[in-house]
Amino acid sequence: MSSSASFMERLGFRKASGVGEAGWGRTLFVAVIAFIYFIPVLFIIFTAIKPQNLALSVPPTLSPTSFFGLIPDQYVFSPTLENFGSVFSRSMTTGGAPEDTGFDRYFFNSIFISSVSVGLALIIGTLAAFGFSRYPLKGNDTYLFIILTTRMLPAIVVIIPIILMFRTVGLSGSYIGIILLYTAFNLAFTIWMMKSFFDELSLDVEDAARIDGSSEVKVFFKICLPQVVAGLAATFVFGLILTWNEFLFALLLSGADTRTVPVAMNQAVSSGGRGTDWTLLAAIETLFLIPVFLVTFFLQNHLLRGVTFGTVKR
Amino acid sequence: MTASARQALRLSGISKSYGNVRALSNLSFDVPEGRFFVLFGPSSVGKTTALRTIAGLVPTDSGRLEIFGSDMTTAPIAGRGVSMVFQSFALYPHLTVYENFAYPLREEKVAREEIDRRVKETAAMLKLTPRLERKPGTLSGGEQQRVALGRSLIRRPKILLLDEPLTNLDAKLRHDMRAELKRLHRQLGMTIVYATPDELEALSMGEEIAVMRDGAVVQRGTPDELYEQPLDTYVAGKIGSPHMNMIKATVSADMASFETPLGKLKTSRKVKTGTAGEAALLGIRPSDLKIAAKGEHAIASTIHLIEPLGDVTVVSVDAGGETLRMVLPEASATAMKPGDALPVAIDTTKIHIFRAASGQAMT
Amino acid sequence: MSSTTATAAPPALMTLAPDNWKLAILVGLAVSVIAAITFPASVSFWIVGAMAALVAAAFVVNAFRRKYYGGLLVAPAIAVLFVMNIFPLLWSLGLSFFAYQSNNQSIRFVGLNNYIKALTNDLAAEANWNALVNTAMFVVFTVAAQMVVGFLLALLFAKQFPLRKYLLILVLTPMMLSVVASGVFFTYYYDPTFGILSYIMGNITGEQFILMDNKLGAVAGIVFADAWMWSPFVMLLVLAGLVSVPKYLYEAAAIDRVSGWRQFWTITFPYIRGLLMLALLFRTIEAFKLADLVILLTKGGNDTMTISYHLIRIANEQNKTSEGAAISYLMLFMVIVLTNLYLYLANRRSHGA
Amino acid sequence: MTVMTKMKGFATAAGFAATLMVGGASIASAEDVVLTMAVPDWPPTRIMKKFFDEQYKPASGNKVTLDVDFIPWPDFYTRVNASLTSGEKKYNFIVSDSQWLGAFVEGGYFRKINDLLEADPAFMETFKSIHPNPLNAYSTYPHKSENYYGFPQFPDVLVNFARKDIICHDEEQKNFQAKYNKKLPCTGEELDAMTWDDFKNVGEFFQRKKGDMLAGAPAEDDFYGIAYQAGKGYDFSSMQINGFIWQMGGNTWDETQIPNGQAEGVVNSPEAVAALEKYLSLIQYMPPVAKTGTMDIFKSDELFREGKVAMNINWIGLGEASLDPNSSKVSDKLVFGQMPGTMGADGKMIRWSNIGGQPFVLTTWTTDAQIKEAVEFVKWWLSSEIQHQFAAGGGQSAVKSVYEDPKYVTYRPWNRAWAPQLDWQKDVWHVPQFFELLTQQQDQFDLAITGKQDAKTTLDNVAKFQQNLLTEAGLIQ
Amino acid sequence: MSTIEIRKVTKRFGDFTAVRDADLSVAAGEVVCLLGPSGCGKTTTLRMIAGLERATSGDVVIAGRNMNELPPEKRDIAMVFQFYALYPALSVGQNIAMPLHYEKLSKAEVDARVIKVAKIMHLTEVLDRMPSHISEGEKQRLAVARAIVRDPNCFLFDEPLSRLDVELRHSMRGQIKEVLTGLSKATVIVTHDQLEALTMANRIAIMRDGLIEQVGTPHDVFAKPANVFVASFIGTPQMNLVDADLKSFDGKNASVSLAGNDLVIAADPAVSRLKPSKVTVGIRPRAFTAANEKAADTIAAQAELIEPMGAETLIHARTAAGGDIRVVVPRDKRVKIGEALHLRPDPKQTHFFGEDGKAVRA
């Protein structure tokens, strides 16, 4: 395999196999704990389907159903889907007609910016990771470490020059600017993750492809990449979660047209004359959670396999 | 094996170092077209590097590589007409068996129907037809090995390189595959360069064997030549199982008899290059030791260890302070016990004589 | 790693060839200097950029012709990182030696004054130091809480059991929430009048419960929210380590009659140590940057000001750009020292017995 | 997939991406004038946008579009500051908090409007008919000079929100009378007449535990008499404390006195210390969240709307939500009065308060064509008709003819307290150092509010800091 | 008395029966090999003895105690795992010491035991290295060392040599055998390599598909295979197993039609039980002598493939019926490809198997 002990290896990663089995007893036990852990999220979701005037009721209303009388009536509210409608269209003035809130655009922006930038970071980072893995330089780890340090500073520090730079170049408020920024933001992590995946692959398989007549480009795309799908998925999920919820860059560098949901979400927080609109905020968050939840759920198998495979040395 | 065959492969003076480690040291050999050629030697002797050099996976430091007469020393991998089976099989783990087979053909832009035909034909030949849609990870070791073989054969390479292809199989399969490979070679007639550390594989399959040591060939020849005329103790020790018994000896004045701990041994030939009193090593193959028949000149010995190997039993005996291994048929060893006395006879016509100092054969 | 073909000789210095990067650098430098002198910044910026692109292109062509695939593969990433990270970092490093306020575009060289002010000015230095101490406290508490909770959660999920997949995603969800939303909801959970926490505590003790009215409570509230959100991250990594422990090691330990405690330290822990360290590294870096939850929950009140929020106020609200840059470079210096120390320790431990 | 189809796919994707990226930046032509406006997202700005879309017909015949960027309040300043300092030159109009004037005028972002006013006497007349207190606060830099920069967008003052179902309840009236020998205020006029001591009495009187009798029924939850802002964020305590200081004879650093005005000795004068002590002494009667330093204007409003408080001092701008039964449990039980005052030695009430609300300003890169249309728009906006409509829709007007119109008090229940309050408005600093002054002061006030230090130390710290900073900046000699 | 005894042990995983009614006893000082192809249940059997799997039914008795309900740590056994199961975070010395912690010995005692065992297994030089930094052979020896540092009831080895290369395997076979002889404990070794089993075991239990097919000494299983499977599994090259028609048997000579030849061959009297029927005739490759011409007791075949094996040569010969017969001849006997051979099987080494595959023997 690779000749020099990698950074990961020095951290002590080793080979994987075997998971124990447990029965329904464990399921029950874990379910209780997972549920407790999930309660704050569940509360947000329930708030999203609460009537607005119950959002701050004391005692708090906890459930949309009494579960066959299990929960006392005072804690039960009758669910409504109105709040979700309000996310996209509601009256913005006293007694005014409902108007478009622009949230469809913000959702599109979030999805577009996150997926493009995470995808771009994945492409660029994967190439770089392959480069670092297969064409080792002296002091490889040092380069990786420098790449890592770019993540260490509070965002606000790089933001000052980036704002100045964007202003000079005219990228303020454009998709290109924010996407490039997020790409860079995700790059360090991507390179780190993907390099450890490539380090794991058998070099013989690549050589076999070369002997079978593949060019270097084909070896990469047809042989190496398909083998690290789990890693790509895991990296994508991590990157997505971080980018999806990123707030500060989005606030400072996106314009009205490129605004993402986390920024626009503040509409519901002290929305002028209305204080915090709890049900609206909950509805936005619930909707906003769905895409990343689904992506994570469907890539979950890859996620765990990816994390294991990628960071554990043979 | 025609004498006039073209040279499929010629390596002249190839050297290769990885940092301070010298993998190949002035390696030269040639392989006639159609030959089953074995590179034999223990691990890390440079076999794999030699194969990878031929394939073009490893650039050489110096030397020249010719394939069918043209200089391929720095040619790209793709055009060499060489394919290779790796020790690890190196199957494409993300592709089905079918796609593994089809891969080299797709790279050659073979038409779809032709690919299909050849994949099926190859699968049938290797008895893999029911496995075509499976991923390599779900196959047994033997099946994986056959897939690796099939993938190398399917594009009908002029030269096939096999890097310890049987090492990862279990014992029984290894035996069966030897004959299979030999049949395939005869059937397809391509040039094969086969690297192995297993002398049984080398002897049984190789039409010609090059014994390697420290990145260079120390002796090459047919299995018989190597078995019968090892050039030095290294080759003598590697070829033949169990290993040749080596007995310290001194050359006598008649140049044909030797003083040994077992007594004076007279060989059937005279050594021409030695001097009287020179220290020598006498190599006696375990199979050339027999239980002495009545009346035959025998060496008294005591049984030290009995290793039944099924058909045969290896019996180690102590004689004159030396331990000698001998191979006996299973039936004749069943009654033996360690500690028993055993009269041993040596077939003196088959004694190999080496210089103790250099290990070179004495002629 | 095959490059058996002979590489072409590099072109002579004055040859006009697309792979002559030496010439490209010369030309680029000359043109850039001239442009910087003759044109206004907004124009010369683009000219300098074009020159940089020219040099980069020459490097790429050179790499391609001579098959330096490694360089080619890494180039885009380096380019993006350079433009978006390293260049801004250098820029702000430069700024830290000037007196510059972004809302008032006057600029004046002041040397190390910003650093001196950050370290010695009796008002500024005290605030910085205070924020730094608080940040250190949050780093210790949040990371410790995340590690412990994440570790325990991972232990729960280490074995395969029915419905594991579905329960796991429940635990992962907090990480997916937007900090804005979850932070705001935590203000609700902690609210003494409306919040659930005070409701429950009030019912238990019969007395009014106000979590956030003292430093301990405020810190606990922030640490809890942060740990709740990010423990799943630690869990995921630890879990990956746990499932990677070969089962046969535990079997061997059973045969060798090794006690549970010793099993953990000699088998389990070494396997997850690497991932634990990785989690620790990433979470420490993030904890150093803690600002959003503080802003949402306390606005820095009850002595919970962190260095990151402090920087936001200085550099953004007060537009004291260069002063903020100086403070952040002091901080970066510390983070790098700490990380190196950490890496050194991590390596030493994995190499030693 | 062949190479060609791949290439096509890529080209399509790239084209799509490029369209998206370029889209959004549209360029105004001669006929089409686009005025881009950065505003906080709340009803007063939403109403303005609505009126514009529905009613505005430019006299020039050009097609004028008002492109409004509604930015959520919590991030409004951060976002506007980033836009301005990044030089993206995106907005023509910005709804700015009055205190930001100094920072952005000095930076060259806000356009002086004297020339526009002088070019149009009718416009000047309207402008001058704005009440001088809001005019000075919203438009002048340096403060109270003749340099004008902004137009009032939404003028705001603090008023007293009260629950008449509680305070007018017979039982409570009787008990209050018995306890304090004073009538518990019930009507708007009675509220107007309250002093801070009366306010304190209400706070003390109405502090009830869950289950205690409240207005004839057992309280469902803990109940409190009074609330006002005491939060660490933004200006969420200064705006209240300044009122106390001014009312009780103290002062803040006075920027109109530059360069002779001092901070030391003024900011921490004994009067100011006493005022702060007064302010702090009332906090114990407020809902417990006040002790955490997070009782901002939204929290006290929320508590009031949820029926946890009898009286709340808050901005009129937040009033609409109290009237909306969807967001308010007390929408039908409201009565409003002026903010409590301090009884002067002469027996007259002193009511100084810190003005709220926002002006909108023009940015310096706005083109002549845009300015022409912008002026037309502002004239339309300040026209009596639109100001009336705005007030009727939930806004406020500082234009004299409008707020003096008898109709005006009918628009909203708090409008009765509006005009008299205007006379008592002052503003904090407009200097570029505003944010430094504010954050340090808020930090110090927070320490006092959460009980970490006393009023004297607090104001001493504030004064020392201000003295240092302003001296360094050359504003104090 | 046997140290290890398993009685009617069955293991089922869901519908799949891994081990069926296995009976085996191992006496103190005896080495028994469980031999069989992969997936035959041999490892499962071993793991049931160790307590790593629970038997579905049946009894596991070790040192006279029924161990069915006891976990591995209570069974006092030592085991060498196929992948060695070295503790990667511990040095070689610490690995060896690991099983001793339970015994609460003093540090000096532990060190003494570790050094003693390290000497036996030639590990003294590498005691301070980490397992990842020692050679494959050293790893294997370390695994054994860790097992023999204790004084357990018995030793269990799971494929101990499968990861070593040819040469190492040869030498380790001898070493392990020597060490085991010195220990005199009941030992069970699982292997798929018959050579390992034949050289190391006192007795061999051959398993297939969860069933123990035959238990016997190396000589027994080689010379008297109980059935076709055992016959084919033991011996290299593999025994020729040729389908034949048993035409008649006169109590001494059997007349069979075999691979296109009619053959008269001396057979075990028990063959009479078979009557005329389909049989399988098993002949070891070394049991042929070459005749010069066709005879009543020769099989005609044509040399098809020749594999020199050093001292001997393996010939794959094709019979008239198209079957393949393996013949081993001494190297001096030169055979050319295509040469016609007349092979005379040695009746003493010819086995008859009935239609059920069972050997027919008196």
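Letters A, B, C, D and E mark the chains as written, and numbering starts fresh at 1 in each.
What we mean here is this: contacts are C-beta pairs under 8 Å (C-beta built on N, C-alpha and C of every residue); 3 or more make two chains touch, one makes a residue touch a chain.
As the structure is a prediction and not an experimental result, all values here were calculated from the model.
Q: Using the touch definition from the top, list the chains contacting both chain B and chain C.
A: Touches both chain B and chain C: A, E.
Q: Going by the average position of its CA atoms, which chain sits the greatest distance from chain E?
A: Most distant chain from chain E: D.
Q: C-E versus C-D: which has more C-beta pairs touching?
A: C-D
Q: How many Å are there between the centre of chain A and the centre of chain B, using C-alpha atoms for each centre?
A: 56
Q: As a quick test, compute the distance in whole Å between the mean CA positions of chain A and chain D.
A: Their C-alpha centroids are separated by 37 Å.
Q: Find the geometric centre of each of chain D and chain E from their Cα atoms only, then give the gap between the two centres in Å, rounded to an integer.
A: Roughly 91 Å, centre to centre.
Q: Touching two or more other chains, which residues of chain E qualify?
A: Residue numbers touching two or more other chains: 88.
Q: Which chain C residues touch at least two other chains?
A: 2, 102, 193-194, 246, 248, 270-271, 316
Q: By the touch rule stated above, which residues of chain D touch at least two different other chains?
A: Residue numbers touching two or more other chains: 78, 82, 85, 221, 306.
Q: Can you list the residues on chain B that touch chain E in the complex?
A: It comes out as residues 42-43, 140, 167, 170-172, 175-176, 178-179, 182-183, 186, 197-200, 203-205, 223-224, 227, 239-241, 285-288, 305, 307-312, 327, 329-331, 334.
Q: Give every residue of chain D touching chain C within the complex, in rising order.
A: 77-78, 81-82, 84-85, 103-104, 106-109, 221-222, 231-233, 287-289, 291-294, 303, 306, 308, 432, 435-436, 439, 443, 446, 450, 452, 465, 468
Q: Taking the complex as given, what residues does chain A use to touch chain C?
A: So the residues of chain A touching chain C come out as 8, 10-24, 26-27, 29-31, 33-35, 37-38, 40-41, 43-44, 47, 56, 58-60, 124-125, 127-128, 130-132, 134-137, 145, 147-165, 168-169, 180-181, 183-185, 187-188, 191, 203, 210, 216, 241, 244-245, 247-248, 252, 261-262, 265-266, 269, 276, 278, 281-282, 284-285, 288-289, 292-293, 296-297, 300-301, 303-304, 307-308, 311-312.
Q: Name, in rising order, each residue of chain C that touches chain A in their complex.
A: 1-2, 41-42, 45-46, 68-74, 76-78, 80-81, 83-89, 91-92, 95, 102, 153, 156-165, 167-182, 184-186, 188-189, 193-194, 196, 199, 228, 236-237, 239-241, 243-248, 270-271, 273-275, 277-278, 285, 288-289, 291-292, 307-308, 311-312, 315-316, 321, 324-325, 328, 331-332, 335-336, 339, 343, 346-347, 349-351
Q: Which of the residues in chain E come into contact with chain B in the complex?
A: 37-38, 162, 165-167, 173-174, 192-195, 198-199, 218-219, 222-223, 233-238, 284-286, 305, 307-312, 314, 316, 328, 330-331, 348-349
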